[in-house]
Amino acid sequence: MNVVFHVSSADLGDWRHAIRNVRNLLDDETVETDTVTLLANGDAALLFLDGSPVRDRLDSLFEAGVRCCACRNSLDGRGFDAERLADGVEVVPSGVGELVTRQAAGDAYLKVP
Amino acid sequence: MNVVFHVSSADLGDWRHAIRNVRNLLDDETVETDTVTLLANGDAALLFLDGSPVRDRLDSLFEAGVRCCACRNSLDGRGFDAERLADGVEVVPSGVGELVTRQAAGDAYLKVP
Amino acid sequence: MNVVFHVSSADLGDWRHAIRNVRNLLDDETVETDTVTLLANGDAALLFLDGSPVRDRLDSLFEAGVRCCACRNSLDGRGFDAERLADGVEVVPSGVGELVTRQAAGDAYLKVP
(Lines give C-alpha, C1' and ligand atoms only; values in the text may rest on other atoms or scores of the structure.)
Protein backbone atom coordinates (compact mmCIF):
# COMPACT_ATOMS: atom_id res chain seq x y z
CA MET A 1 0.00 0.00 0.00
CA ASN A 2 1.27 3.45 -0.93
CA VAL A 3 0.41 6.30 1.42
CA VAL A 4 0.33 10.08 0.99
CA PHE A 5 0.33 12.43 3.98
CA HIS A 6 -1.06 15.91 3.33
CA VAL A 7 0.06 18.83 5.49
CA SER A 8 -1.15 22.39 4.86
CA SER A 9 -0.33 24.12 8.16
CA ALA A 10 2.94 25.96 8.77
CA ASP A 11 2.56 25.67 12.55
CA LEU A 12 5.69 24.03 13.94
CA GLY A 13 3.74 21.86 16.37
CA ASP A 14 1.58 20.64 13.51
CA TRP A 15 4.68 19.82 11.46
CA ARG A 16 6.33 17.89 14.28
CA HIS A 17 3.05 15.99 14.64
CA ALA A 18 3.04 15.30 10.88
CA ILE A 19 6.63 14.03 10.87
CA ARG A 20 5.95 11.89 13.97
CA ASN A 21 2.90 10.48 12.16
CA VAL A 22 5.07 9.43 9.20
CA ARG A 23 7.61 7.80 11.53
CA ASN A 24 4.87 6.01 13.48
CA LEU A 25 3.57 4.52 10.25
CA LEU A 26 7.04 3.34 9.20
CA ASP A 27 7.56 1.83 12.67
CA ASP A 28 4.17 0.05 12.80
CA GLU A 29 5.01 -3.57 12.04
CA THR A 30 1.35 -4.49 11.66
CA VAL A 31 1.10 -2.41 8.46
CA GLU A 32 3.00 -3.00 5.24
CA THR A 33 3.69 0.14 3.25
CA ASP A 34 5.45 0.70 -0.07
CA THR A 35 6.04 4.33 -1.07
CA VAL A 36 5.25 6.93 1.59
CA THR A 37 4.92 10.57 0.49
CA LEU A 38 4.73 13.71 2.64
CA LEU A 39 3.16 16.48 0.57
CA ALA A 40 3.00 20.10 1.71
CA ASN A 41 0.89 22.85 0.20
CA GLY A 42 -0.28 26.28 1.32
CA ASP A 43 1.93 27.85 3.99
CA ALA A 44 3.20 24.37 4.85
CA ALA A 45 5.29 24.31 1.65
CA LEU A 46 7.62 26.90 3.25
CA LEU A 47 8.75 24.32 5.84
CA PHE A 48 10.41 22.41 2.99
CA LEU A 49 12.73 25.33 2.18
CA ASP A 50 16.42 25.09 2.97
CA GLY A 51 16.90 26.70 6.38
CA SER A 52 13.56 25.40 7.62
CA PRO A 53 13.34 24.83 11.39
CA VAL A 54 12.41 21.19 10.69
CA ARG A 55 15.30 20.78 8.21
CA ASP A 56 17.21 18.28 10.39
CA ARG A 57 14.15 16.08 10.79
CA LEU A 58 13.79 15.75 7.04
CA ASP A 59 17.02 13.80 6.67
CA SER A 60 15.70 10.91 8.74
CA LEU A 61 12.65 10.83 6.44
CA PHE A 62 14.84 10.74 3.33
CA GLU A 63 16.94 7.94 4.87
CA ALA A 64 13.72 5.98 5.43
CA GLY A 65 12.83 6.42 1.74
CA VAL A 66 10.01 8.94 2.31
CA ARG A 67 9.26 11.13 -0.71
CA CYS A 68 8.86 14.83 0.21
CA CYS A 69 6.92 17.03 -2.23
CA ALA A 70 6.25 20.77 -2.20
CA CYS A 71 3.50 22.52 -4.18
CA ARG A 72 4.91 24.91 -6.81
CA ASN A 73 1.76 27.09 -6.77
CA SER A 74 2.17 27.62 -3.02
CA LEU A 75 5.85 28.55 -3.38
CA ASP A 76 5.13 30.87 -6.33
CA GLY A 77 2.28 32.59 -4.52
CA ARG A 78 4.58 33.34 -1.58
CA GLY A 79 7.50 34.56 -3.70
CA PHE A 80 9.82 31.58 -3.29
CA ASP A 81 11.65 29.77 -6.08
CA ALA A 82 11.71 25.97 -6.06
CA GLU A 83 15.52 26.17 -6.15
CA ARG A 84 15.40 27.24 -2.52
CA LEU A 85 13.87 23.91 -1.44
CA ALA A 86 15.99 21.71 0.82
CA ASP A 87 18.03 19.08 -1.04
CA GLY A 88 15.95 16.02 -1.74
CA VAL A 89 12.56 17.77 -1.72
CA GLU A 90 10.70 17.42 -5.02
CA VAL A 91 8.46 20.09 -6.49
CA VAL A 92 5.08 19.20 -8.02
CA PRO A 93 3.02 21.50 -10.29
CA SER A 94 0.17 21.61 -7.76
CA GLY A 95 -0.18 19.91 -4.41
CA VAL A 96 -3.85 19.13 -4.93
CA GLY A 97 -3.12 17.72 -8.39
CA GLU A 98 -0.50 15.39 -6.94
CA LEU A 99 -2.92 14.31 -4.18
CA VAL A 100 -5.57 13.47 -6.78
CA THR A 101 -3.04 11.60 -8.94
CA ARG A 102 -1.85 9.58 -5.95
CA GLN A 103 -5.39 8.66 -4.91
CA ALA A 104 -6.21 7.73 -8.52
CA ALA A 105 -3.24 5.33 -8.28
CA GLY A 106 -4.76 3.81 -5.11
CA ASP A 107 -2.73 5.53 -2.38
CA ALA A 108 -4.24 5.92 1.07
CA TYR A 109 -4.72 9.59 2.05
CA LEU A 110 -4.07 11.05 5.51
CA LYS A 111 -4.56 14.72 6.47
CA VAL A 112 -2.14 15.86 9.21
CA PRO A 113 -3.42 18.51 10.05
CA MET B 1 -11.35 11.28 -11.87
CA ASN B 2 -13.97 13.02 -9.76
CA VAL B 3 -12.75 15.01 -6.78
CA VAL B 4 -14.46 16.26 -3.62
CA PHE B 5 -12.95 19.03 -1.48
CA HIS B 6 -14.11 19.11 2.15
CA VAL B 7 -14.00 22.37 4.10
CA SER B 8 -15.25 22.62 7.69
CA SER B 9 -13.64 25.86 8.87
CA ALA B 10 -15.39 29.25 8.65
CA ASP B 11 -12.08 31.11 8.85
CA LEU B 12 -11.83 33.43 5.84
CA GLY B 13 -8.16 32.65 5.26
CA ASP B 14 -8.98 28.94 5.26
CA TRP B 15 -11.77 29.53 2.74
CA ARG B 16 -9.59 31.55 0.40
CA HIS B 17 -7.06 28.73 0.65
CA ALA B 18 -9.79 26.18 -0.15
CA ILE B 19 -11.01 28.13 -3.19
CA ARG B 20 -7.43 28.63 -4.41
CA ASN B 21 -6.91 24.87 -4.03
CA VAL B 22 -9.91 24.17 -6.26
CA ARG B 23 -8.64 26.64 -8.87
CA ASN B 24 -5.12 25.18 -8.73
CA LEU B 25 -6.53 21.74 -9.45
CA LEU B 26 -8.57 23.00 -12.40
CA ASP B 27 -5.49 24.83 -13.75
CA ASP B 28 -3.13 21.83 -13.35
CA GLU B 29 -2.78 20.48 -16.88
CA THR B 30 -1.01 17.34 -15.64
CA VAL B 31 -4.21 16.10 -13.97
CA GLU B 32 -7.46 15.24 -15.71
CA THR B 33 -10.55 15.83 -13.59
CA ASP B 34 -14.25 15.29 -14.29
CA THR B 35 -16.66 16.58 -11.67
CA VAL B 36 -15.13 18.71 -8.91
CA THR B 37 -17.20 19.32 -5.77
CA LEU B 38 -16.57 21.77 -2.92
CA LEU B 39 -18.51 20.58 0.12
CA ALA B 40 -18.87 22.66 3.31
CA ASN B 41 -20.11 21.42 6.65
CA GLY B 42 -19.94 22.70 10.22
CA ASP B 43 -19.44 26.46 10.48
CA ALA B 44 -18.05 26.43 6.93
CA ALA B 45 -21.56 25.93 5.54
CA LEU B 46 -22.35 29.54 6.51
CA LEU B 47 -19.86 30.82 3.91
CA PHE B 48 -22.21 29.46 1.22
CA LEU B 49 -25.03 31.78 2.33
CA ASP B 50 -26.07 34.69 0.15
CA GLY B 51 -24.17 37.72 1.44
CA SER B 52 -21.10 35.62 2.26
CA PRO B 53 -17.77 37.49 2.14
CA VAL B 54 -16.55 34.93 -0.44
CA ARG B 55 -19.74 35.28 -2.51
CA ASP B 56 -17.99 36.88 -5.52
CA ARG B 57 -15.40 34.10 -5.64
CA LEU B 58 -18.10 31.46 -5.93
CA ASP B 59 -19.18 32.67 -9.38
CA SER B 60 -15.84 31.80 -10.92
CA LEU B 61 -16.20 28.31 -9.45
CA PHE B 62 -19.70 27.92 -10.92
CA GLU B 63 -18.41 29.12 -14.30
CA ALA B 64 -15.72 26.44 -14.13
CA GLY B 65 -18.40 23.80 -13.49
CA VAL B 66 -17.58 23.24 -9.82
CA ARG B 67 -20.43 21.83 -7.76
CA CYS B 68 -20.87 23.62 -4.41
CA CYS B 69 -22.73 21.73 -1.66
CA ALA B 70 -23.78 22.84 1.82
CA CYS B 71 -24.71 20.48 4.67
CA ARG B 72 -28.36 20.86 5.73
CA ASN B 73 -27.66 19.62 9.26
CA SER B 74 -25.06 22.34 9.72
CA LEU B 75 -27.43 25.04 8.44
CA ASP B 76 -30.31 23.75 10.59
CA GLY B 77 -28.16 23.57 13.72
CA ARG B 78 -27.18 27.23 13.24
CA GLY B 79 -30.70 28.46 12.51
CA PHE B 80 -30.36 29.09 8.79
CA ASP B 81 -32.77 27.93 6.11
CA ALA B 82 -31.38 26.41 2.92
CA GLU B 83 -33.33 29.07 0.99
CA ARG B 84 -30.76 31.61 2.14
CA LEU B 85 -27.94 29.81 0.28
CA ALA B 86 -26.32 31.72 -2.58
CA ASP B 87 -27.78 30.94 -5.99
CA GLY B 88 -26.22 27.82 -7.43
CA VAL B 89 -25.26 26.23 -4.11
CA GLU B 90 -26.89 22.83 -3.59
CA VAL B 91 -28.00 21.51 -0.22
CA VAL B 92 -27.30 17.89 0.80
CA PRO B 93 -29.00 16.07 3.71
CA SER B 94 -25.67 15.66 5.53
CA GLY B 95 -22.19 16.73 4.52
CA VAL B 96 -20.58 13.57 5.85
CA GLY B 97 -23.17 11.42 4.06
CA GLU B 98 -22.37 13.15 0.77
CA LEU B 99 -18.63 12.68 1.37
CA VAL B 100 -19.14 8.95 1.97
CA THR B 101 -21.36 8.63 -1.11
CA ARG B 102 -18.79 10.41 -3.26
CA GLN B 103 -15.94 8.21 -2.01
CA ALA B 104 -18.07 5.10 -2.55
CA ALA B 105 -18.40 6.30 -6.16
CA GLY B 106 -14.59 6.51 -6.41
CA ASP B 107 -14.01 10.26 -5.91
CA ALA B 108 -10.67 11.44 -4.56
CA TYR B 109 -11.04 13.22 -1.18
CA LEU B 110 -9.14 16.34 -0.09
CA LYS B 111 -9.50 18.08 3.28
CA VAL B 112 -8.90 21.85 3.07
CA PRO B 113 -8.58 22.54 5.99
CA MET C 1 -19.66 1.00 3.02
CA ASN C 2 -17.38 1.20 6.05
CA VAL C 3 -16.32 4.64 7.23
CA VAL C 4 -13.45 5.86 9.39
CA PHE C 5 -13.50 9.33 10.98
CA HIS C 6 -10.07 10.73 11.92
CA VAL C 7 -9.79 13.31 14.70
CA SER C 8 -6.42 14.70 15.82
CA SER C 9 -7.45 17.86 17.71
CA ALA C 10 -8.06 17.92 21.46
CA ASP C 11 -10.16 21.07 21.22
CA LEU C 12 -13.54 20.40 22.82
CA GLY C 13 -15.46 22.24 20.12
CA ASP C 14 -13.68 20.16 17.48
CA TRP C 15 -14.59 16.97 19.34
CA ARG C 16 -18.24 17.91 19.68
CA HIS C 17 -18.19 18.64 15.93
CA ALA C 18 -16.59 15.24 15.28
CA ILE C 19 -19.17 13.38 17.40
CA ARG C 20 -22.01 15.32 15.76
CA ASN C 21 -20.55 14.36 12.36
CA VAL C 22 -20.66 10.67 13.29
CA ARG C 23 -24.27 11.00 14.49
CA ASN C 24 -25.28 12.90 11.35
CA LEU C 25 -23.91 10.09 9.20
CA LEU C 26 -25.78 7.44 11.21
CA ASP C 27 -28.98 9.50 10.94
CA ASP C 28 -28.67 10.13 7.18
CA GLU C 29 -31.13 7.70 5.65
CA THR C 30 -29.83 8.37 2.14
CA VAL C 31 -26.51 6.66 2.97
CA GLU C 32 -26.05 3.02 3.94
CA THR C 33 -23.11 2.40 6.27
CA ASP C 34 -21.73 -0.77 7.82
CA THR C 35 -18.98 -0.34 10.38
CA VAL C 36 -18.28 3.24 11.48
CA THR C 37 -15.02 3.95 13.32
CA LEU C 38 -13.95 7.10 15.19
CA LEU C 39 -10.15 7.09 15.46
CA ALA C 40 -8.22 9.60 17.58
CA ASN C 41 -4.49 10.25 17.45
CA GLY C 42 -2.21 13.02 18.65
CA ASP C 43 -3.65 15.07 21.51
CA ALA C 44 -7.13 13.89 20.49
CA ALA C 45 -6.38 10.44 21.92
CA LEU C 46 -6.59 11.96 25.42
CA LEU C 47 -10.31 12.63 24.95
CA PHE C 48 -10.86 8.86 24.96
CA LEU C 49 -9.50 8.52 28.51
CA ASP C 50 -11.84 7.71 31.36
CA GLY C 51 -12.82 11.04 32.92
CA SER C 52 -12.83 12.78 29.54
CA PRO C 53 -15.21 15.75 29.25
CA VAL C 54 -16.89 14.02 26.29
CA ARG C 55 -17.16 10.71 28.20
CA ASP C 56 -20.97 10.78 28.36
CA ARG C 57 -21.27 11.35 24.63
CA LEU C 58 -19.24 8.22 23.89
CA ASP C 59 -21.93 5.91 25.30
CA SER C 60 -24.42 6.93 22.64
CA LEU C 61 -21.78 6.13 20.02
CA PHE C 62 -21.15 2.69 21.52
CA GLU C 63 -24.92 2.05 21.61
CA ALA C 64 -25.05 2.89 17.91
CA GLY C 65 -22.29 0.34 17.22
CA VAL C 66 -19.55 2.89 16.52
CA ARG C 67 -16.02 1.57 17.06
CA CYS C 68 -13.80 4.00 19.01
CA CYS C 69 -10.03 3.60 18.61
CA ALA C 70 -7.15 5.41 20.33
CA CYS C 71 -3.56 5.50 19.06
CA ARG C 72 -1.12 3.78 21.46
CA ASN C 73 1.84 5.88 20.26
CA SER C 74 -0.06 9.06 21.12
CA LEU C 75 -0.97 7.78 24.60
CA ASP C 76 2.60 6.54 25.25
CA GLY C 77 4.14 9.82 24.10
CA ARG C 78 1.94 11.72 26.57
CA GLY C 79 2.57 9.36 29.51
CA PHE C 80 -0.81 7.64 29.60
CA ASP C 81 -1.37 3.89 29.82
CA ALA C 82 -4.02 2.32 27.58
CA GLU C 83 -5.64 0.91 30.74
CA ARG C 84 -6.87 4.41 31.51
CA LEU C 85 -9.01 4.50 28.35
CA ALA C 86 -12.78 4.70 28.86
CA ASP C 87 -14.53 1.31 28.80
CA GLY C 88 -15.24 0.24 25.26
CA VAL C 89 -12.46 2.23 23.61
CA GLU C 90 -10.00 0.03 21.70
CA VAL C 91 -6.30 0.74 21.44
CA VAL C 92 -4.46 0.36 18.11
CA PRO C 93 -0.65 0.19 17.70
CA SER C 94 -0.62 3.39 15.64
CA GLY C 95 -3.47 5.62 14.55
CA VAL C 96 -1.99 6.22 11.11
CA GLY C 97 -1.39 2.49 10.64
CA GLU C 98 -5.04 1.78 11.43
CA LEU C 99 -6.15 4.52 9.01
CA VAL C 100 -4.05 3.00 6.24
CA THR C 101 -5.33 -0.52 7.00
CA ARG C 102 -8.93 0.70 6.94
CA GLN C 103 -8.47 2.50 3.61
CA ALA C 104 -6.72 -0.57 2.18
CA ALA C 105 -9.90 -2.47 3.12
CA GLY C 106 -11.97 0.12 1.20
CA ASP C 107 -13.26 2.33 4.02
CA ALA C 108 -14.19 5.92 3.24
CA TYR C 109 -11.98 8.42 5.12
CA LEU C 110 -13.19 11.65 6.75
CA LYS C 111 -10.96 14.15 8.60
CA VAL C 112 -12.84 16.01 11.38
CA PRO C 113 -10.84 18.25 12.01
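We just call them A, B and C in the order they show up, numbering each chain from 1.
In this section, contacts are C-beta pairs under 8 Å (C-beta built on N, C-alpha and C of every residue); 3 or more make two chains touch, one makes a residue touch a chain.
Being a predicted model, the structure only gives us computed values, none of them experimental.
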Mutual neighbours - chains that touch chain B and chain C alike: A
Same-residue or different-residue interface between chain A and chain B, half as cut-off: different
Inter-centroid spacing, chain B versus chain A (mean Cα positions, whole Å): 24
Contacts with two or more other chains, residues of chain B listed in rising order: 109, 111, 113
Residue ranges of chain C in contact with chain A within the complex: 6, 8-9, 41-42, 71, 73, 77, 93-97, 99-101, 103-104, 109, 111, 113
Partner chain A, residues of chain B touching it in the complex: 1, 3, 17, 20-22, 24-25, 27-31, 33, 108-113
